[in-house]
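Shown next, in structure tokens, is the structure this report addresses.
Each chain gets a letter, A, B, C, D, E and F, in the order it is written, and its residues are counted from 1.
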Amino acid sequence: MRLLLANANTTDAVTETCARAARAAAAPDTEIVAVTPRFGPRVISSRAENAIAAHGLLDCLAEHHPGCDAAILAVSYDTALAAARQLLPIPVIGMTEAACLAACLAGGRFGLVTFSSPDLYREVIAGHGLAGRLSGIALIDATPYDAASDPESVAAKVAEAAAGLAREGADSVLLGGAALAGMAGLIQERVPVPLIDGIAAAVVFAEGIVRLRLPKPRLGGYAAPANRHAVGLGEALSALLRRG
Amino acid sequence: MRLLLANANTTDAVTETCARAARAAAAPDTEIVAVTPRFGPRVISSRAENAIAAHGLLDCLAEHHPGCDAAILAVSYDTALAAARQLLPIPVIGMTEAACLAACLAGGRFGLVTFSSPDLYREVIAGHGLAGRLSGIALIDATPYDAASDPESVAAKVAEAAAGLAREGADSVLLGGAALAGMAGLIQERVPVPLIDGIAAAVVFAEGIVRLRLPKPRLGGYAAPANRHAVGLGEALSALLRRG
Amino acid sequence: MRLLLANANTTDAVTETCARAARAAAAPDTEIVAVTPRFGPRVISSRAENAIAAHGLLDCLAEHHPGCDAAILAVSYDTALAAARQLLPIPVIGMTEAACLAACLAGGRFGLVTFSSPDLYREVIAGHGLAGRLSGIALIDATPYDAASDPESVAAKVAEAAAGLAREGADSVLLGGAALAGMAGLIQERVPVPLIDGIAAAVVFAEGIVRLRLPKPRLGGYAAPANRHAVGLGEALSALLRRG
Amino acid sequence: MRLLLANANTTDAVTETCARAARAAAAPDTEIVAVTPRFGPRVISSRAENAIAAHGLLDCLAEHHPGCDAAILAVSYDTALAAARQLLPIPVIGMTEAACLAACLAGGRFGLVTFSSPDLYREVIAGHGLAGRLSGIALIDATPYDAASDPESVAAKVAEAAAGLAREGADSVLLGGAALAGMAGLIQERVPVPLIDGIAAAVVFAEGIVRLRLPKPRLGGYAAPANRHAVGLGEALSALLRRG
Amino acid sequence: MRLLLANANTTDAVTETCARAARAAAAPDTEIVAVTPRFGPRVISSRAENAIAAHGLLDCLAEHHPGCDAAILAVSYDTALAAARQLLPIPVIGMTEAACLAACLAGGRFGLVTFSSPDLYREVIAGHGLAGRLSGIALIDATPYDAASDPESVAAKVAEAAAGLAREGADSVLLGGAALAGMAGLIQERVPVPLIDGIAAAVVFAEGIVRLRLPKPRLGGYAAPANRHAVGLGEALSALLRRG
Amino acid sequence: MRLLLANANTTDAVTETCARAARAAAAPDTEIVAVTPRFGPRVISSRAENAIAAHGLLDCLAEHHPGCDAAILAVSYDTALAAARQLLPIPVIGMTEAACLAACLAGGRFGLVTFSSPDLYREVIAGHGLAGRLSGIALIDATPYDAASDPESVAAKVAEAAAGLAREGADSVLLGGAALAGMAGLIQERVPVPLIDGIAAAVVFAEGIVRLRLPKPRLGGYAAPANRHAVGLGEALSALLRRG
């Protein structure tokens, strides 16, 4: 099976971090194809950048999806998820969406640890219809860059924040942010409830959903657009809108 | 991998129908261990029977889970799901829960086709926090028994009802009821949106969640009970409550 | 009037505590018939035990309800309430349900003081559709056993917690847990808003609802099941499922 | 026990209809004191009249509550309920509020049959936090006046509408409107789920809540106002605001 | 354009404070006609007074609206807003309603700073369907009278509370209470998010809505009542109910 | 005052239709500056196109906003609204957002008449937190192109659909879709509740909000991004992200 792992940030190092986490979680016969958009924000950290990144991500997915069985959006805001899902002929899964669903399967309510933008996460989770299962969000006093430069210190802060959420009622805790991909395993033993890594969850769910062979809808808001015309878009994206 | 597939009805034929659907969906190296409770309702079709069946199901899970990697509840009301999840040391997944999550990954809102008890399904879905993603429920004029005796006719009714839900806004449609396990594939081409089989979804999600190796919570409402004492319960269930 | 007061824990002492509170609240001509299940958890304190206890409670209600005008479930999780309501030909009221409704009549929002399991209470209250009227839950640092062994100290903690909830916006406060039955009167004067005892509320509402003479539904999810077959259940419960 | 039954319409005939229904539901030793405001709309049938009627009703309650154990608002919009509850030293119950709570005790979801103003009823029920338990509202093609002049015909329409709501999922049905007080008993046998009369429900709940002897809150939004000054109000109402 | 600014408190000084704020916000060719009810509470600070004040306010609007293009309710509980909107032939806007809508246009979620009665504000905002956009309410330790006698000190408290709400997630902050009308401008620079003055917002929205020339509904719950009869009301109000 | 009216479709004719409606609604001294993006979908009619259009719209706003007092998004899906609001130093208003708020001021619940994509509209309205005020959506059997080629016929269909929504409980009706801009006035007399034109509403609200002079937030999710770097974006947009 081939899974397309598309970053929405235009920073190759983040793509690589996510790809490593994905490969660690994937089944032996699953190939991870990791790609970075041609244009867009370096690192999304605001609503404005998130909206701009959607275009770059869709452009990237349009170019690289042929030959893949499903696509994973390696961006913690699930950027352009519904749009990509409608546009592509293959299943598409967001990393925070996947983390939420894994948390649902773990039971009860989930917390989230991240760097910043709690409102944006809240809106993403509410958009999935799961606001009622979110117990709380804890911010750590660090940046995504610190996660690369001083991983020990960030790991300690994440573990402490996650344990705090657990004491206040979280039955599991999501790590939000591509920069934290792969960290859950390192600190799990310091936290009394499951830590959930969005990339790993997205990989196993993508493998599962591919095996269910659900057909592409032919009706409704997720049926592929067709005969749509646009100006100034990349070739692959234009073609996808035109042909459906 | 070994998955325990536990029915909550005490009717072996239903267990067998579900086991067939599970084996068809499972990976080659996944073994399905199908079990039926020692006591409880023949076929659950009311709140009262559902409450009684919870005990029989937990008794059955307590006895048969050793040696299994995860458990699937093969009953469309997700009977005793939270209780089983708390009680067992392995992941537990409900078939309607799994169907809902697969529908979430398919995108948008989902409908449900079933035989009866729409309120019970509504409560189950609301209990998962997903009421906002349910577009509607359609009842077919048939019984679970008809699904065995006259599958063609029931299949036609299900297909028509599912197509109707799609026209009214469902982006995917769940088939509710263990008696419909395995039917989705037969009628998919007559319906313009994905049909989702709870047993198949539960199998691939169970395989995925096992691979995530989430630890059992040590805190909160899903940590295993321990030192709990009871009267008149089966041996395996008593032992599980006592030892944690 | 005869009211059946059925415990869901298999501990006679808890049944007796509740029966005393019920008799103190009942009208002079109301007889309280207090019963304890034949099997099930000694003291419910987890989702798993709560699910198991449902069967024991329904078995107990099936045996003892003949000759009674209504049934009160003397268990603070309203265990098996909807199932019992559907199954029995007489009205059934849960003690936490009754406390919530009394709080509604007192006006505004209510808080809850209890020992543990806030999530379970939250789910029970949400199940009644009243999540919007819950202002908060306060846990006291004590166990149900302490309430029997050191009632003064527990009473002081409950009073303090209740007063705190009132300062944060509760217009009344529920005491959750059968072990607190009867305590409200002792500490009311230390708390600036009404304290509500679930057993007392259930008794007066049961008396009232009996006098309304509402008929048993003949349609829908609360009509009695009939012609339902089961394996390995007690005689009275089997008969009730069979005959409707 | 003495229960004050206060109409919010200034039409004595409606007060009398409600008083008859209240006396039929009351315990033998309960006295019903029925009163009509000195000023206000003849028959409330709009938001504007409802807002005006609140003043007349509070004026009326201020004058007549001394010597009574609780007050019932005999107006189906639960006019001024929270205000009266805050103002008076005795419990206050609205007739639609009481009907909703009786329906909750009957189980599941309730429908409502009435003459007009479905939005106003929806707002009243949502104000009680119970929107989630309302299954639907059915309007009959008749006026409150018809209920007096041609009761047989109106009864037939109400029965038909209630049966329709039951078929669509209502587990019980409320009769909305003071003009339908007392009708439930006449048509119950034609409807397969319980019909609930707000006046009767209010009477039995008032009797019950009085027996719980809940104290008046000394804190929060339902504590009595005191030292409040006003211009041009009736003497009893002015005094109550001043003295608390 | 002439805008009627109607207070619901019977205190001329409050009317004047609001009128000043309104004139400061109004376009050069907008005339503000400020009026005070003939009867009702001096200063509304409880549910009871709010219900009584509705009548006085409607009486006042009925008398003074002829010749005006729209009406603004200068009372922070949006007293009688729906009733006035139904009753009058011109648009009616509540000051807190207007503040909420301005906050929506500013984006994200809003906080509220006020003196007391947080529950009442919560209910008002929920009644507008905007509970989901309220981030929190902060109370200051002062009274409306202090705002007149010691404005500096109250301003400092309001600024501090508003800044606190901003740090906890408010994207803008409403000042609740007619006594704070006009204060926003004085302290805006001390607060990092927009402060919203209900009177100013109501004025500019009233000017805008008048220019949209929306017709009075002829159907539904906001169509004017007609042929309605009442007892003991003021002449203008009686006439309006009678004529529609 | 200068208002920037930015289309998100790259079709000049649609921009012109909206500009005409805007100029008809604007105050005499308000200048409407109408602009069309350099790239993006011709006419947005799917989630995928909507996500792509966000970039083109932000690029267009970044270039053209200098010298303007506020911006109006002339696209009925309120494309990129939160992003634009965060990015720009001036107020930004969406046309459907404005229509919803005008409907709130008209009172009660609103319906929506449009061509297609009801789910997208539902999500937009829910995103504004106003799902509870939406009474329903009616689709007409026509396309946006028909509105230009056969306006009489489309107007008749819109009027009929709007009147139907009013009969089913809408207190006002929004016309959804830039292609219907300006139509409300033509058919208002055939519909018994107010018809609301999003462009007109956006213009008067923009004029009002500019006069409130709310400062740009310096904190939280709507404070301007700064020091953000991106690849391959247009010059004005890049500069805005960099400088804040």
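The criterion applied here is as follows: a residue touches a chain if its C-beta (ideal position, glycine included) is under 8 Å from a C-beta of that chain, and two chains touch if they have at least 3 such contacts.
Note that the structure is predicted; figures quoted are calculated from it, not measured.
Annotation of chain A and chain F: jointly contacted by B, E, touch as defined at the top.
In terms of the distance between Cα centroids, chain D is separated most widely from A.
Over half of the residue-numbered contact pairs at E-F are shared with one candidate from A-C, A-B or A-F, namely A-B. Over half of the residue numbers at the interface between copies chain B and chain C are found on both sides, making the touching surfaces mostly the same. Inter-chain centre distance (chain C to chain E, centres taken as mean C-alpha positions): 44 Å.
With centres set at the average Cα position, the gap from chain C to chain D is 27 Å. Shown for chain E are the residues in touch with two or more other chains, namely 82, 86, 108, 119, 169, 220-221.
Pairs of chains meeting the touch criterion are A-B, A-C, A-E, A-F, B-C, B-D, B-F, C-D, C-E, D-E, D-F, E-F.
By the touch criterion given at the top, residues 25, 27, 82, 85-86, 91, 93, 97, 101-102, 104-108, 128-130, 132-133, 166-167, 169-172, 188, 192-197, 200-201, 204-205, 207-209, 211-212, 214-215, 217-223 of chain E touch chain F in their complex.
Put simply, chain D touches chain E in their complex at residues 10, 38-42, 45-52, 54-56, 58, 80, 82-84, 86-87, 117, 119-120, 123, 127, 220-221, 225, 228-233, 237, 241.
Touching chain D in their complex are the following residues of chain B: 118-119. On chain D, the positions that touch chain B within their shared complex are 108-109, 169.
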